[in-house]
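The same chain A turns up in both complexes below, where it pairs with chain B and then with chain C.
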Partner chain A sequence: MSVANHLKLRAGLLSGLILLVILGLWYAATATSGATASAAGLTPAQIEYAQMMGQDPSAIKADGFPTLGQMGQTAWSHLSRPFYDNGPNDKGVGIQLAHSLGRVALGFGLACLVAVPLGFVIGMSPLLHRALDPFIQVLKPISPLAWMPLALYTIKDSTLSGIFVIFICSIWPMLVNTAFGVAAVKKEWLNVAATLEVSPLRKALQVILPAAAPTILTGMRISMGIAWLVIVAAEMLVGSTGIGYFVWNEWNNLSLSNVIFAVLVIGVVGMLLDLAFGRLQKAVTYVD
Partner chain B sequence: MKTPLLQVERLGKAYVADKPVFADVSFMLDRGEFVCVIGHSGCGKTTVLNVLAGLDTATAGHVFMESREMVGPSLERGVVFQGHALMPWLTVRQNIAFAVKSRWPDWPGARLNQQVEKFVQLVGLSHAIDKKPSQLSGGMKQRVGIARAFSIQPKMLLLDEPFGALDALTRGTIQDELMAIVRETQQTVFMITHDVDEAILLADRILLMSNGAETAAGYKPGGIAEVVVNPLPRERTRATLHHLDGYYELRNHIVDFLVSRAKAH
Partner chain C sequence: MTNSDDNIYRPYSPVSRLGGCTCGQHASVAEHDAAALAATEARATDVETLSRDFIEAAAVKALFPLEATRRAFLSAVGQRTAMAAIASVLPLSSLQAMAQDKGSLEKTDLKIGFIPITCATPLIMAHPLGFYQQQGLNVELSKTAGWALVRDKMLNNEYDASHFLSPMPLSISLGLGSSAKPMQVATIQNVNGQAITLALKHKNNRDPKHWKGFKFAIPFEFSMHNFLLRYYLAEAGLNPDTDVQLRVVPPAEMVANLRAGNIDGFLGPDPFNQRAVYEEVGFIHLLTKEIWDGHPCCAFGTSAEFVQKNPNTFAALYRAVLTAAAMARGPKNRELIAGVISKPQYLNQPEVVVKQVLTGRFADGLGNVQNVPSRADFDPMPWDSMAVWMLTQMQRWGYLKGDVNYRQIAEKVFLMTDARKHMKELGQPAPAAVSPKFKVMGKEFDAAKADAYLKSFAIRKAV
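Moving on to the complex of A and B:
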């Protein structure tokens, strides 16, 4: 136990050190760029002229790669007011995240509703497995964004199209894993259920489902990871709201500090989602 | 005359037509009788047991239980599987409750729990009732499997080499326990084993099965070569078994069969 704690402590220290090195490099890199972009050597008249020409030297510095201080300011301003709403192009990062998470939850939830029962049927029926396998194999490798034009054309609603894209990308890992997990349920457990004359529904819910749950959860975890990757790209395409749209909007504003902040937020939220599914997975895993 | 509990008539199983693994297997089981089957691997004894359990179908013959033809699995026949076949995500209590609930779906929780605890106690595992199978030793897991099969109070119990994976010491203990429970509950048992001493200790009758083989006169399917009635007194114990008169004659007879006759030449 103390050895494990010792290792944990050392790993934590090393992580902190790596973070410090990265921040140090960032500081050094932006400090020199700030020096070249400074207005040193220009007379006030030259500066004013440059400003009138739309080439404000100090503004160039502000729009370039942010320094650590600017980054901290941006982060603080977002974190202190995450839920403000000043119209379509100026919403707090919390609101944008909520839009993205809502889309992911809807698309992912719908995919669950389709993939788990369908995976059950495919896993239990070798005939259906063979019949549907070619379709799954062809549809699975399609980039979800490739569906976007078709979705926009048929659904005619950008938000629903985004949800559809999440749905279509989440469905495959869950479907394939559920089918595999169900097909791999040990014969002896099914034999136990058979000799006890267990009804098909009870067998499905109390024997096959818990037996296949770890595999199904693995599929869900993979799906959630993919959905979170795809939602950012999808929102860049369809726009209006969401963390992906926020990134694209701030790129158009040339506000790199906002972009960097959003990128970090996307990473942290993705990690939290994965952690949550990891917990869930642990809860249903059994030692055989 | 009373009808036998179980009647097996000319049972046969062929995976390849004209070359059945076994054929013409006929025997009867009376209520309260303990019958063991001994034979080499591949003679089809597990198939016979699976047919009796309703998990497999024979290609020929019939099985009657209380004069009615048997179709498919039934709660009237409890099975103890070769591997314990416990569900690892359930505790001992939940595993047995699963079986009891299947047998008596209308029982209230208290009655169900009472039945579960009674049978867990019967195999001496009350202290481990809320543990998961992964926390139990091999012998304890097999005890739970036995308790599960007994808990539904079937008319007949089918055991497929239940102690095959256990070490000799544990096996001996559980054999004693099984014998005590069977004597107490008057259970009818059909059991497969590889162990000659186990068969002599437990069985009232021992069915010796031979493997199918090519002979000069053509293919000869496997089947019951001989039925040995155990002449030893029923109140025998494992500790004194080998001191009983007739023990060695019986043992030598079965071993001779396994060595020289079980695999037809």
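Moving on to the complex of A and C:
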């Protein structure tokens, strides 16, 4: 067995141990809150009051921090039927995820279409780079959600506004990285291309693009991470569908177990998206 | 003919199954079928009777979405009592008449916004109970994340109509806090039904005179909640702009903030007052009916543009919501309604909480069960005097500046005459033509003397 495999095994064991500790702490922290007072010795008025407060032993009060058991039940109830559809305001978690992913794909795709060509131009022209830099530096740090009121006012459509917000937040890392990657292509390679009198288009596609691809994909990977962060917040703001709306709706109901479930789902999907881009990145990486 | 139990769908029979077969009192299905067939056929061949029967059955089915509930109800009270009782809440004869003469609807697929609070009860319940459908409308109810978004979606024409805070159509029409667009209030959604909820730590500090420095949450600036809380505090000698902090907070966050100690209390919509009690973080200090009994809270409305372009559709919507309001007013229907609207696609709240709000028998958070049947009501009449009062308060607190013709704006935005007309058509008791005077914390308000009323307040925003 190689050293690398051995390390992997030990890391896996440690991850498992940490998970167990977290679950154990959770269990210990929530176990005591389950006790309910018995109804013996109470007047009818007191019993009615207790029932109104949801303290009836026969009814489950769905509030407070959920126990592990309640969490498991919640997760199972969502995962067992992810695609149910009870009208526009109550859909399964699978459908909500699909809506969110769709929005992210659209916004992110549009941002790619704009950022990569523009980044190419900026990277190849030092003049444009200097001229546009102040704008990029000012626009880049703006929280994408700050655009939302403006977007709603000008675009006049909440769905499009959501997509616009994804677009605006994912454009900057891609633009900056593309420009950097293109500008950083080795002079020797460009000189070789020049000596061979390669056409500009061919130079861009066959020399610069492969050379800058790893940097561009890094930009895309960062953008996707941000887009996934932002979509949840954006959907909590404008609502109607998506995993962010799901969180908001359960927050309205103060149902922590549902919120925790959604948080976990968001984390897992975000990780999968990142893994996918990691794979892509590996595929275009080259060794000098 | 109406309400007769010859109805072939047999909606008043505890043993029939609506929508399914009409098996019943006979020993065997075959025997029943044979006996009933002749009578049914005779009745069913008459198109008009059939249509009437269908509407009656649909209405009863809407009242009792669960077959088991309907059967239990009918078995319990007896068929005749039930027929009389249902006839008193459902204007069956006018519904039946109306279905036969619908003006052509300009638009049948509608998107209506709502905020998940009990204020929206009539327009929400009209959906599962089929009142929109009865009017030939295919309505999609869209749950919205906040009032600012409701405003923006109405301005953008994303919604055809919406649930509003009743001062919002006034403020949007006047262009306060947004671009101006004429909006109209078709009906008031609910009266009363709000409360001042305080954190449990203040349970021995019930006198508002001692509330200097408190932080309160309100759902929106242009809300009755804001105006009523300001009024209440000012009556206690506090200046709401300088002595306390008022924060705009979405209702669900009010409970979370109260728990975290970020606010001392809130004047918010139900079910969140009751939810704070249920979560054991607050108590109900005062129901807003103690400030102004019968005060309007939310409204149902749309843009003037929509009304102009789609008069028949607007009328159909009007009828659907008024029918729902009439049903929501019946105290006996409240428990049933609580069950219907607390579902995940509507309020998404524990039924026990919503039930306490609607029935008015509730835990107050201090260990007592209170019984206030008028805690929430659903009088739909959009009196223009109410609008005038809201405008005086907007001016009092500096939201509205300059000379304003209260009456003119109120009449333009609050469609009092239309509401009366539609209520009459539906066979509901039509209210008087003149706006009533009312009392806010013991002080009478007369819309005709609004200017003098405004000047009479010592505490107001310095101009």
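One rule holds for everything that comes next: the second predicted complex is superposed on the first by the 266 of 288 C-alpha atoms of A that agree within 3 Å, B and C clash if a C-alpha of one lies under 4 Å from a C-alpha of the other, contacts with A are read in each partner's own complex, and residues count from 1 in each chain.
The criterion applied here is as follows: a residue touches a chain if its C-beta (ideal position, glycine included) is under 8 Å from a C-beta of that chain, and two chains touch if they have at least 3 such contacts.
These figures come from a predicted structure and were not determined experimentally.
S.K.: Using the superposition on chain A described above, determine whether A:Met53 touches chain B (first), chain C (second), both, or neither.
M.R.: Touch status of A:Met53: second partner only.
S.K.: For A:Leu152, decide between first (touching chain B), second (touching chain C), both and neither.
M.R.: A:Leu152 contacts chain C only, not chain B.
S.K.: In the superposed arrangement, which partner chain does A:Tyr286 touch: chain B (first), chain C (second), both, or neither?
M.R.: In the superposition, A:Tyr286 touches chain B alone.
S.K.: Touch test for A:Leu273: chain B only (first), chain C only (second), both, or neither?
M.R.: A:Leu273 contacts neither chain B nor chain C.
S.K.: Looking at the overlay, does A:Val198 come into contact with chain B only (first), chain C only (second), both, or neither?
M.R.: In the superposition, A:Val198 contacts chain B only.
S.K.: Determine, under the contact definition given at the top, whether A:Trp189 touches first (chain B), second (chain C), both, or neither.
M.R.: The first partner, chain B, only.
S.K.: Is A:Val207 contacted by the first partner chain B, the second partner chain C, both or neither?
M.R.: first
S.K.: Any idea whether chain B or chain C touches more of chain A?
M.R.: Partner touching more chain A residues in the overlay: C.
S.K.: After superposition on the shared chain, which partner residues are touched by A:Trp248: those of chain B (first), chain C (second), both, or neither?
M.R.: second
S.K.: Which holds for A:Val104: it touches chain B only (first), chain C only (second), both, or neither?
M.R.: After superposition on chain A, A:Val104 lies in contact with neither partner.
S.K.: Under the contact definition given at the top, report the residues of chain A touching chain B in one complex and chain C in the other.
M.R.: none
S.K.: Which of the residues in chain B end up touching chain A in this complex?
M.R.: Listed in rising order, the residues are 53-55, 73-75, 77-79, 81, 83, 85, 87-89, 98-99, 102-103, 132, 134, 152.
S.K.: Considering only the defined contacts, which chain A positions touch chain B in the complex?
M.R.: 186, 188-189, 191-192, 194-198, 206-207, 210-211, 213, 284, 286-288
S.K.: Touching chain C in the complex: which residues of chain A?
M.R.: Residues in contact with chain C: 45, 48-49, 51-54, 59, 62-63, 86-90, 152-153, 156-158, 236-240, 245, 248-254.
S.K.: Mind pulling up the chain C residues that touch chain A in the complex?
M.R.: Checking each residue of chain C against chain A gives 116, 140-146, 149, 152-153, 155-158, 251-253, 255-256, 275, 277-280, 343-346, 348-350, 352-353, 356, 362-363, 367-369.
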